[in-house]
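Chains here go by letter, A, B and C, matching the order in which they are written, and residues are numbered from 1 within each.
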């Protein structure tokens, strides 16, 4: 059964009915990332796809509200007309899931807390979420936060909803902080560094006073896949660093940063168009999209990115792209029975952080644990939080962890 | 006087035994304070209108000691109120008569500075400024900068999700916190987050930030530190009307510039702070903006040029661009000390902290002016204009009978006004005990019950700071036991995996 | 902050003053940040805000000082760092002074404590007795380790060498070199002239060299701070009056030749003398003269900035860690003057990190609260040594003794350094200091004439 409510009230009624019948619901939006997370155990689907529309936009207050089923593209376009954007640069999963689904919705982006390369500078999706309306598993409409940036009135449920994969409530409306789009974006490329030197160069950039908004490392084989001739022609690894802002300021900072590296690597600066292609490619993991094997996303201590890779290589061949200055490692692993889970998690553990199986070798969704299983006390807390929203486990059961 | 839950007589009856037991859990006997004369200093925080003597005060020296004290209190049904430096302006650290106050002020060590990963890990009693001091020799800083930053602890900052003047660009505490060591109400110690971004699972770090000491006590924190810009410089722009200043704010933001700070002060606020800071604020202006931008000298000059050009179109009274670091420091000195400085003109102030959509500023200031006239209290308005966080200071004299009650009444009117125009009750000070009873203005019972159930999830007995944030009710909301589900037959969901 | 005093209580002038101070405090807590004892102990009771609260309770309830409150007030250094930090303008100095008087009047201390305080109150202000006591202490050094607690510490503080009395400290008039530009009197004090008579000598040389006639007035002596800080009002006021009488006699309105300033070269004394006007406000026959004295009192550094310095006659450029005494930076709010003077004669001056924190000397504090004082000293010395200075300069004998007991880096009075640079003898403490390398001096030398 697939329901497509057109209002918050209808959603609440659907949940109430599902709860009365003890029938779990799978929650979806545009359906572009149904494969992200564990398989949901549900006979019925509830889609927010029909709950569309921007409900408030105040450019001078840097705020936008939209119903959760609003396509991300609609929001991007509306903001773009006023020279604004969502600074957290959410990934579009259609690249790694082969174009599955219609269009990503803003509700889906928030529910999965998706952030791209600018995460290192501007924060994650959760940092931009000012307010929510949602229907919890009790069929109640609840709101939290608001439309202002500074707000500490009551507990911050927005943070919980972001990244809860629809297991706590069905988002019906989200309010987001927006930022002016930069006038200019320059991408400084350092060629030919190995992973360790590349990570160090990224750390230097992020530790510089130049307000770097992206720092990623592409090994030679990956650098050539982005359709940018300057990278493809070089035939070496590319460490890419993005600087954004007013044109004169970007020019100054790019020069200063470039100069600070001295002669250790050949460098170039990409223009806005090439740069945009590079960062969109990194955001959507284009270099590893076509890889066989399983696709993993690792969040770790940035300086440890190369160490995680080194440990993993001892057990399995691996292709990788480093984003977030080394703190976000995308891995294409030649998987064993477990999609490489044991090898990946063992490699991450000493460095701190966690690993998510984004795309199992078989295409997924995975049967095993997709996210790192939490330690017992946190699992207990997670369970209690889930019950406080959704006592009967009606919403997306099992999507994050078994039982949640 | 604010209503507090009735003390538990059985707990109070065991007071001497509890003090003795706690001394057994703490290395330093002096760190358990039970003499009335000494506890008196802990009866209030930055909001002195509310006072309540605690049952006992404990100042643990380590996470382990906090954990032992919490476990003891949990096992013995004793309420706990956490305290940082006691600078809350919302009565967040107000004790209960039967409570043990756990102060984190002795947890004051910086544990790890990691420039390569841009993080600092500190014990929770380290001050906000203490973090910056620990990293500034490498030109780094910790971004959130509440006005009390020289003294407020990171524990308190996390509890209240503190902001500051510079969070327009850098965000508030929750945007700069990477991980914590958290002691749960039953004494269990958990680590949330770390040096990596976006921890797995539910965002517990985000939830406990701003939870006002109701979900656990933070004993260590890992925060993001940032490299300082090459330079920063403020400009002072004054106007003949609040409307002109408000329109100028809109125009600056609308032009695509995000200043690192954008502060607004009205005439009474200008006068009070000038008396302390002698920063050369324009005493004859109706409103003043402090706009700060950062970058290299050339970048600063270019940005300030743009801002000055925008300001010129809004009929400014004066425009003064800071010419030196000393001048910049002086300009900020007045703003940062603004609350204390009003002590120079009136003995007591009642500080509001609502947030409003920035576009409504002129309307809101007009309506506050009307309230000021109606109640007969002078009001000084200080406003984080870039983000809409408004701090009206209602000036009154607590020694005059009835003034406090009327100041509170007027404060409530102002906060309702903030909610009315689309804002909220509190932007950065927290609900505490002060705004507890106004929560239904912003939230309906369903919203509040959801939040209450979350508290129950962490603290089933409601022992931690129980009289704060939520209006007092007789019992916490009912806790539903899960009922069995009708699961589809295919697949292998183990929805009831044991925990 | 709200207070609860009865009208009868407020009829007392001192109480009325204190009530006014308490009303100014808004309990914001900023003072916690810069209070040395709170930094060490982390207990709000040992912070200004906590102490203000305890004092308020004590005064409002009009009761004898309880043991617990005495403990926390005793731990206060009276460094007044809190007053620099306070945005509301709370006069903590007058409040804590009042509390100390109240403690002294209403609280019976344990006998050993009483004896010790009485001893200090009688010995230190009297140079002759103090010299004898130090001699005794010096003799006791070999057996120091067998002595109980605080006594051991006191003996350890006794200097290894005790110079003889200086002729400069006798009543006299020392004429200016060249045309007389100013006429001043010098407080020649008590403990300082015993511990380091060279400071007064250097001060007089510095002044006369710059055209200043210096009067050492008959009858001037201890400023009263030692007893004042113990809450012993009577001897403190007696000392103040003796000085006021001695100096007033030199003023034109009292038939003297006139005084442009009263020069103090121990900042602890300066804070007190500048407060004589307040101290004696309730005594009609003294109030005016006291206020006049306070009005013309200057630290030697303030006065030399006014006067301008001769250019240096020796090779300078040594790195000087300038330690600002609490009584200098907080008590008198003198911050930049000493640094500017030292720079003007060519020294490379560095401020000490955490410079707002007390070194633990604080008058008799290092003798009465040795553990806290030592912890503060070690922290101070650590901060100074980070600068790797050639020498330390400061304007207060207490700090010199305290810091000097914890480091091998020579420590010299600012006036002695200025004297040396402009033509005086090299200070004794610097005899092993070699000439500076030919590095450039500080650019900020605009003070030099």
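Rule of thumb we're sticking to: a residue touches a chain if its C-beta (ideal position, glycine included) is under 8 Å from a C-beta of that chain, and two chains touch if they have at least 3 such contacts.
All values derive from a computational prediction rather than experimental measurement.
Relative to the C-alpha centre of chain A, the farthest chain centre belongs to C. Geometrically, the chain at the heart of the complex, using CA-atom means, is B.
In whole angstrom, the spacing between the mean C-alpha positions of chain A and chain B is 29. Separating the centre of chain B from that of chain C, both taken as means of CA atoms, is a distance of 39 Å. Chain A and chain C have Cα centroids lying 62 Å from one another. Of all residues in chain A, none touches two or more other chains. Against chain B, the residues of chain A that register as touching in their complex are 21-24, 39, 41-43, 58-63, 83, 113, 115, 119-120, 123-124, 126-127, 136, 138, 140-144, 146-160, 162-164, 168, 179-181, 183, 203, 206-209, 211, 246, 248-249, 252-253, 256, 299-303, 324, 327-328, 352-354, 356, 367, 371-372, 374-385, 387-389, 391-394, 397-398, 400-403. Listing the residues of chain B that touch chain C in their complex gives 30-31, 33, 35, 37-38, 40-42, 44-46, 48-49, 59, 85-87, 103, 105-106, 108, 125, 127, 129, 148, 150-152, 276, 337-344, 347-349, 398-399, 404. Chain C meets chain B in the complex at residues 1-3, 23-34, 38-39, 41-45, 49-50, 53-54, 57, 66, 68-69, 72, 85-90.
Across the complex, chain A is touched by residues 115-118, 139-140, 160-161, 163, 167-168, 171-172, 174-175, 184, 188, 190, 192, 194-207, 209-211, 227-230, 250-251, 253-254, 256-258, 295-296, 298-299, 302-303, 355-359, 384, 387-389, 422-431, 435, 439, 442-443, 446-448, 450-451, 453-458, 469, 479-488, 491-497, 499 of chain B.
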